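Labels A, B, C and D are assigned to the chains in the order they are written; within every chain, residues are numbered from 1.
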């Protein structure tokens, strides 16, 4: 069901400084964890598409949540409601559900983006969810009220204590991962993922992480987006073998 | 729209470039591969190859660097993928890579019985493999020897893929033809580098990578012009082609067919769109065949004289 | 911000690239030329030179082709322009071109008494002159000979400007140093071509031209890294620099100073903006001098080990 | 007085299919014949600025008239009132006034753009002006009513006869150039300029033409924009030695 299409932008909101939420017209049905590959310019500068996770999806209506970190995301942020967006997707695999009734979800910064839809999906599947949201400071706990509204067990951590506990989010999550026979999901910076993976491994929890890499094709053809994995295969592609990987499978750089 | 390259008949002059189209399966979900002149598959080595560590890619202005390092499943596993491609009844050209003449030969020997293989493209120009690879592509004596050896290994057409990272590409082109090449393809990527200012180190784990995309088109056009003027075998032009306009320019510069690489990543439909665009161009301008525009710019160039300093001296 | 190149002290590491800044006068109306590390003037020949017929230029993705063909008023007229530049008390580097060793030598002899000339940049790499020019830049024996001869003609520093259109740029770099070069500058333009689809002929009257601009940056960075690793003299890096970020990347790759060419056309203030940007970068990151970041990426690179396939093998 | 500045776009109108008129905020004072060098994108694709003539100028307010022929002019046309434009200018020389009380002005297609301001300047200088406006068809006689309103002696020619006389504009102008001791000005396609120059030479009229070339720097530094001229100099730069040249000085390609 790979699709290349142009969808109208329904809404483009600035939800926090440097963070945008973009709602698209109906057209792509995606699962939590998948992403779309967006052409941000009609020229060749920038040359490549930009991958953005599905933040939410209802009846084929995608919502994206993204941080403007460079020219590509800035060009995306400059697009207005009514304009169309050239999209490839949905791409990639999705967060797997397991037979465990409990789930622990850990987000670091903009890594929260794909986890919103995961939280919704886990709830729909009847799971009991604990969500840990970490960021540098209060301002970077993007859409915290919406995340908080979604789950009963919501905890926050910031590096500077401006919101929630002043701690690494993994320190907050550690006792729960240790104590609860839950499936663990995480998305965020590499050191955070590495620590979540270590904790999950330590307590024998199955754990899934969503990874990032520089993508080119986004469809598995160029072999540019690989991450090192354990075993004979050595490398796997983030764009089609991921972005979600079993934590035990990958090396964290 | 049909063209004949090295004895292989193609429905049109547009191919996918090696390494940018996998073994075809990924793009088969976007369009019918029959719409292509040929599918050129990923660089295939005798043994499976894991490729280079990541990061393998960096975006650059108007292009990208890659240092995939020839990751591929090896010729034995590639057989299955090539057989699967038969469903689309599109000519398959196998891009052959190796670190020694014996390794190149081994790939051909492992695949030569496959009717699905229409021709080999011998990659003597990959900048991302350390032993051999690029060395093959820069020394004319080595090129003659390698092509001659492979000529002895198969009856199928041999297309030799040239590196742009040389002082005089026509020297290597002539060497390939002397060795028995049926056609030449060019250009492979330009050797480049990217630096990550924040991390204060090279972006690519392999240090250097190959530059492709629209940025390199002027270099590619120049080499296609030079090589197609220097040898009598057909030239497959590539390097930065992102649509019919670019493709027509390459044909006019002397290419008999074209291949599209990195542009697939930006626009997965670029190959069929290019086929249609060339077809429309020919019809609108009263050309009966692709052949009529091959090298057209050279003919015009020869006709140009000095008009008081306007144009050619 | 000061740097010393081949014995010349510069207030900062940013120069204008030859041919992109005339003799300075045009840009003097945009900003005070004192803000530059040095002004490198247009390629100057012994006799006046009319240059190539038009069209001389073509825009390409992320860059441009030029085939100016060394149009310049000749060394005698250039004297006046160089003397006029003294008003700005900025070091002037004269880019010297010719079709034979004698012609290069003649330029130096005509200008050597000028105190305003801080150094010569010997252009052995212009792709747009037919006799000589590029030939000088691609044969190591010729390069040693030429540099040696010019070394005998002047006490001023000699910067040799290298062509990227070679198989191994370090071979030419070593030859230039062997001949007595005080510094090297690179890269000159990549040889390219553009085709005009409508007119069915090459765009440039000269057929080929030199490619510059952001498109070539990855090739330039790679060569700066290679050459600065291969020789002990300072390297002036250029090719696609359009701001402080690019400049810092070149410095980290091993350049001791940088030059900015085509980007002046898009942004006439790019040179002073780059000076300010580098200065801000150094301050924000706690570097006390430009020197501290020269080759920094190499140091980081050497430190990188294999971390389970993440990063360097 | 070279200036690099950003000026607000006051108005961006489509005056005919594929033709835009753009009015800028106060900031650049130019003479008839001069041009501005416009950065159409903040990226490097397209890489170079685009030269556009001054269509009109009152008290430092520039008006540009341009045809969308490619990506650069399309990007320019996409800019909206309220956005700013990165401009270099005014650049180039201007149409010289002579001591002749009569002027003949010949326009071919979009070559009319800089001649509007010239017509106004000639009128202000008290000249008697005959204006000849040629184009392929009626639709390409851009702003014909405004040009017509400006001069008493207005004549039109089209290739297909859809407006004015079905003739080459030079055929219309020929008898007037022959009969009137006027200074001749022209802007348009090269064959038209060549013919105007030939006529002016034939009857001994001084004649000025505005030329085009592919520009890079626009300020005289790159030597990329030269046209072949008669005499020892061989080439002159369109951007600073022109765009206006004495017709007898140049070779027409």
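The criterion applied here is as follows: a residue touches a chain if its C-beta (ideal position, glycine included) is under 8 Å from a C-beta of that chain, and two chains touch if they have at least 3 such contacts.
As the structure is a computational prediction, the values presented were derived from the model and not from experiment.
Under the contact definition, subunit A and subunit B share the contacting chains C, D. Contact with subunit B and subunit D alike is made by A, C.
Subunit C and subunit D, compared by their mean Cα positions, are separated by 37 Å. If each chain is reduced to the centroid of its CA atoms, subunit A and subunit D end up 54 Å from each other. With centres defined as mean CA coordinates, subunit C is found 45 Å away from subunit A.
Work out the mean CA point of subunit B and of subunit C, and you get 32 Å between them.
In subunit C, 53-54, 58, 60-63, 213-215, 309-311 are the positions where the chain touches two or more neighbouring chains simultaneously. Each of the following residues of subunit D touches two or more other chains: 44-46, 228, 234-235.
Contact topology of the protein chains: fully connected, every pair of chains touching. The touching residues of subunit B, counted against subunit A in their complex, run 19-22, 26-27, 29-30, 42, 50-51, 53-64, 66, 68, 71, 213-215, 242, 262, 264-269.
Taken in their complex, subunit D has these residues touching subunit B: 44-45, 228, 234-235, 251-253.
Within the complex formed with subunit D, the residues of subunit A that make contact are 41, 43-46, 71.
By the touch rule above, subunit D contacts subunit C in their complex via residues 1-2, 4, 39, 44-49, 88, 213-228, 233-235, 240.
For subunit B in complex with subunit D, the residues that touch the partner chain are 61-62, 214, 307-311.
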